[in-house]
Amino acid sequence: MTRPAVRIRDVHKSFGSTEVLKGIDLSVPKGSTTCLLGPSGSGKSTLLRCIAFLEETTSGLIEIDGDPLGFADPGGGRSRTRLSAGDIRRVRAKIGMVFQQFNLWPHMTALGNVTEALVTVQGMKRQAANEIGNQQLARVGLSDRGHHYPSELSGGQQQRVAIARALALSPDILLFDEPTASLDPELTGEVLNVMRELAETGMTLVIVTHEIGFAASVGQKIAFLDHGKLLLDGPPAEIFGTPRHPRLEQFLETYLDRGAATLV
Amino acid sequence: MTRPAVRIRDVHKSFGSTEVLKGIDLSVPKGSTTCLLGPSGSGKSTLLRCIAFLEETTSGLIEIDGDPLGFADPGGGRSRTRLSAGDIRRVRAKIGMVFQQFNLWPHMTALGNVTEALVTVQGMKRQAANEIGNQQLARVGLSDRGHHYPSELSGGQQQRVAIARALALSPDILLFDEPTASLDPELTGEVLNVMRELAETGMTLVIVTHEIGFAASVGQKIAFLDHGKLLLDGPPAEIFGTPRHPRLEQFLETYLDRGAATLV
Amino acid sequence: MSIDFSIVWQQLPQILSAFWNTIWIWIVATILAVLLGFVVAALRRYGPLWLNLLLRLYVEVIRGTPFLIQLFLLYFGGPFIGLSLEPIPAGLIGMTIYGSAYFSEIFRAGFAAIPPGHVEAAECVGLSRGQIVRRILVPEMAMLVLPQLVNMAIILMKETAILSIITVPELTLVVGAIGSQQYAFVEAMTMLALFYWALVEISGWLGRLAEKKLSKFRFAV
Amino acid sequence: MSTRLFELMLWAAGKTVLLSAISIAIGLAIGLLVCAAKLSPRKLLSIPATIYVSLFRGVPLLVQLLLIYNLLPVLGIMVPSDVAAIAGLSLCTAAYQAENLRGGFNSVPRGLIEAADMVGMSPWQQLRRIRAPIAFRLTLPALVNEMILILKASSLISVVGVIELTRMAQNLSASTFRPLLFYSVAGAIYLVICWLVAGGGSLAERLMRTGSSR
Amino acid sequence: QDALERVKSAGILSVGTETAFAPFDFIDETGAHVGLNVDVFEEVGKEMGVEIKWVTLPWDGVLPGLEAGQFDMVAGPATITKARVERYRFLTPVAEATVALLKKAGDDTIQKPEDIAGKLAGAGKATAQLAQLQAYGETLPEPIETREYVGFNEAYADLAAGRIVAVANSLPNIAFVAEQQPSVFEVVLPPFGQKSYFGFIGSKRPEDQSLLDAVNAALLKIKADGRMGEMQKKWFGQSFDTPDEAPTPKV
């Protein structure tokens, strides 16, 4: 078996005195799609942000494709050491992130958002960058929107620009935080389709989502968080198959109760 | 048969030169739950706001429990006349509205939000108002949150305070605009449960929602809007039963596609 | 040039009384200007179009000309149109008008920042226009625009120095006069700087205190 | 009023505009530095910046000008009038502009910076490409306000021997003894200048609106 | 460095003054800085073989500027008072400064200075004229009220606006005001108070004395040969008999 794309070992995270992640162990296989589920406040976003090194863990280690992220284990039971900013940037370059709030830069067009890092970070020529940018926008079905500013795009379109921005840097791993939370059903469908296609291309995806149906059908791995602990972790058939873990049962109840089944 | 709670006759509404509602006819029976469905931009919110007289219709008439709202038909084919502010306030007192964005007043506690109108509008004594307020908060499961400010409440709790605020005035008709759009599944479940209970008490509810499963199970009447026109209007069995209207079929497709069915 | 504060020190009672004048005129004028500014902003938002345009002209003219010139025209020009004011009333009126233009712009932005839904919710439960203003708009506005209000009040405080041109015995006039009578310019200027700086710091501190109190009910999203 | 006197008023208005414009530009540069220092996590930078802002906002401009003009020569530094005026105005406006800019930088949404982190931008690239342009859009109205205030506050620089618009009005009314006339004309000229500045500001705002946040 | 040497070698004598003080220093309708001082210093410059450089400031900034060394001396001129003599060196007087009253044209209630008894009169704040007005007021049967202005021009404006009945200022100044605006203002004669004079000002720093001596000598020469009298006629409509040495005043 190959190295996992992300490996999380005993990660703890506290904000002040409240412990939000209480010892998470998880490995994300290369080329797989992993869905993080869990009730509100269980620590899903925090875990994802730790993987992106937007938050520093309080203890524990995270490896990206075998390289330590942020902190390294010096071995021999000694406490972890902090890596240099250059090391962090190098490892983080493998990761892309799509935020729930999109976080598009409002003063740049869609194309500008997608090509910005290609030009300023990778030092690419404007023209070459635009070519890649247009390619990525086409991939998410937005070839005709390159010159619109974020304020001129609908929610679903903005979300797809955010995906194109992450894709343009061809990361090995793409993280999504509730990418459909504030979209209407039609737009949700659009965005889920884009993710489905990405999953099929063999990119490693980690997705925090409330779309349980989507998670069940696209995820190769389901991780269920509750109160900062990883309660369950396995393939969907195992996790969703009966008999279910009682906490998951309770979580799903509200979902099923919404009448999702009555219709079909 | 009794008078309908809301009766809408040939309502048109334009913003500037764009016509958003293009002749709507709809009647909402007393004590029933009516769900408004439709794609984004179809005019659902606008219709609901017209019923609450937050927008003035461009033409057509709306009656609440037999009384004209805002405009009256003088008969004889003459153009409608505007009613006095007092008449409008009297008729509108029968209607409560729960907004998608909650619109709680940030400078008042939960209890303050609920009792404000009782004290300033109905001239009730502070103590009597507080009693009613606490009762209503208890009804939505928030007895212990009366003294919290909106910023100290979670999204679901805020939404329930907004419901309690509307209930405190004991309206005959309660309007909901996408009450669960930005909630997670557990909170969504909570809020849907409150609405389900209200429906069972025999209050007249009009709900704009994207929760198709909920609409199918709770609604006694489903109205499907598209491009400012009422395409379909009838009991759920008829609307959702096969054969379906092709436009509705297309709308539902994205929803079903999200994998809602795979799980069950 | 030697520096000798005892010269200024001997005049302390006179300076303190001038300082008191500065303070009370500033406070009264600020309160009046805030009220007038709120009325102007409210009328511009809810009044008819012609009134909006008229008030806009008022605001732009007042903001576009120096306070010194406004005050001069009011005080020395007023009597020619039958408006003869004593120095302190003229100073209060001048400052109120001057400040109201700035405050009204702050309130205008505040009105725009209050989510319209909050007003609609109030309409829905039957609050009247006046009740909406009193119970919803004013308190929400207070927490939105407090920092700008404090800033503007501080700017107004420094403008009180200009009242000296119409013979109001305020801090700058009195300390300046002592300075030039006794030829103690540096001492007088230092004294002036200290008094104003203390006032600014105190009001900035009060502003931050109030902000902290109000931040409890920040907007819930 | 003879055309010659009117020309004099216009000449003085030119002086007002010129010195104010130079001071605003220099003040903006100093303001940026002070703002950067104040935002810095290093106390060695942020504390002096805080003191700077407190002092220059707290002490009346008139006093600042007199101190610069009359105290520095005592220490052996001769300052010509124009230089003293520009120094006083720009040091004062820098304190206000620093605070405006700080407000702008603080209200750049965190998420936009995190997004820049995620695509690998260095702190300097983030400042140049993301933070500064967004903060500038947010602070533009306040900057325009400050420009107008400085234009008007420049009437104080006559105290260091610069003849600007207000001083010219005073001079001319002192020789003709018709102050109301000259003050009215000065007021009208200020009004026109301020309107031009405000108009330029709202034009710039409108030009940048396409890129405004949602 | 000795001031006279410095000025001679640079060829420039810099003089600070305020230009809102007609007829000594003001801006005429062509925009030029004119007045008695300009003419007098023109002559002084000729006598000393130097050029005159004017530095114009509001009066508030003039004396501090002198102390800070922004210019070599002050033209002003200032009324010679006891307090000022203690702090500054005055040169030979160039005009009489005895205080008189200015009233609104056509105001019949004031025919002579005593008529302001019990009324409100104005003067510039912290000026010698204010002190004289107050001292004079105390000698009247009914005390007068005084109002202090940042400058005399504001006081004139308030007189025109009708809030005060008279402004006390040195006769040459108010005579000029009344001449400029005869329909608005009128001089009340005779002057009141003690006889006083206007003089140019220098500092008491030892290194400045040589320069001030030289200027004083030039002024005396100009006075002696009658040039001064002509210039006074030109600007005041009359010439004054001024002593060579300023008498030490009591106030």
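For clarity, chains are labelled A, B, C, D and E in written order, and residue numbers in each chain start from 1.
By definition in this document, contacts are C-beta pairs under 8 Å (C-beta built on N, C-alpha and C of every residue); 3 or more make two chains touch, one makes a residue touch a chain.
In this text the structure is predicted, and so the values were computed from the model without any measurement.
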Original post:
Can you list every chain in contact with both chain A and chain C?
Top reply: B, D
**OP:** Enumerate, in label order, the chains that touch chain B and chain E alike.
**Re:** C
Original post:
Farthest from chain C in C-alpha centre terms, which chain would that be?
Top reply: A
Subject >> Mean-CA-position distance for chain B and chain A (Å) >> reply: 35
Original post:
Using mean CA coordinates as chain centres, what's the chain A-chain E distance in Å?
Top reply: 83
Original post:
Taking each chain's centre as its mean C-alpha position, how far apart are chain B and chain C in Å?
Top reply: 45
**OP:** State, to the nearest whole Å, the distance from the C-alpha centre of chain C to the C-alpha centre of chain E.
**Re:** 38
Original post:
Which chain A residues reach two or more other chains?
Top reply: none
Original post:
Among the residues of chain C, which are close enough to touch at least two other chains?
Top reply: 1, 72, 76-77, 80, 185-186
**OP:** Would you please write down the residue numbers of chain D that are in contact with two or more other chains?
**Re:** 66, 70-71, 74, 179-180
**OP:** Mind listing each pair of touching chains for me?
**Re:** A-B, A-D, B-C, C-D, C-E, D-E
Original post:
Which positions of chain E touch chain C when the two form their complex?
Top reply: 60, 63-64, 67-68, 83, 87, 122, 125-126, 147-150, 154, 157-158, 160-163
**OP:** Flag every residue of chain C that touches chain B in the complex, lowest number first.
**Re:** 115, 117-118, 120-128, 131, 135-136, 139-140, 143, 216-220
Original post:
Which of the residues in chain D come into contact with chain C in the complex?
Top reply: 54-55, 57-63, 66-67, 70-71, 74, 148-149, 152, 155, 166, 169, 179-180, 183-184, 186-187, 190-191, 194-195, 198
**OP:** State the interface residues of chain D toward chain E in the complex, per the touch definition above.
**Re:** 2, 4-5, 7-8, 11, 66, 69-71, 73-74, 78, 81, 158-161, 163, 167-168, 170-180
Original post:
Where on chain A is chain D touching in the complex?
Top reply: 52, 54, 89, 92-93, 95-97, 99, 101, 103-108, 116-117, 120-121, 149-152, 165-166, 169
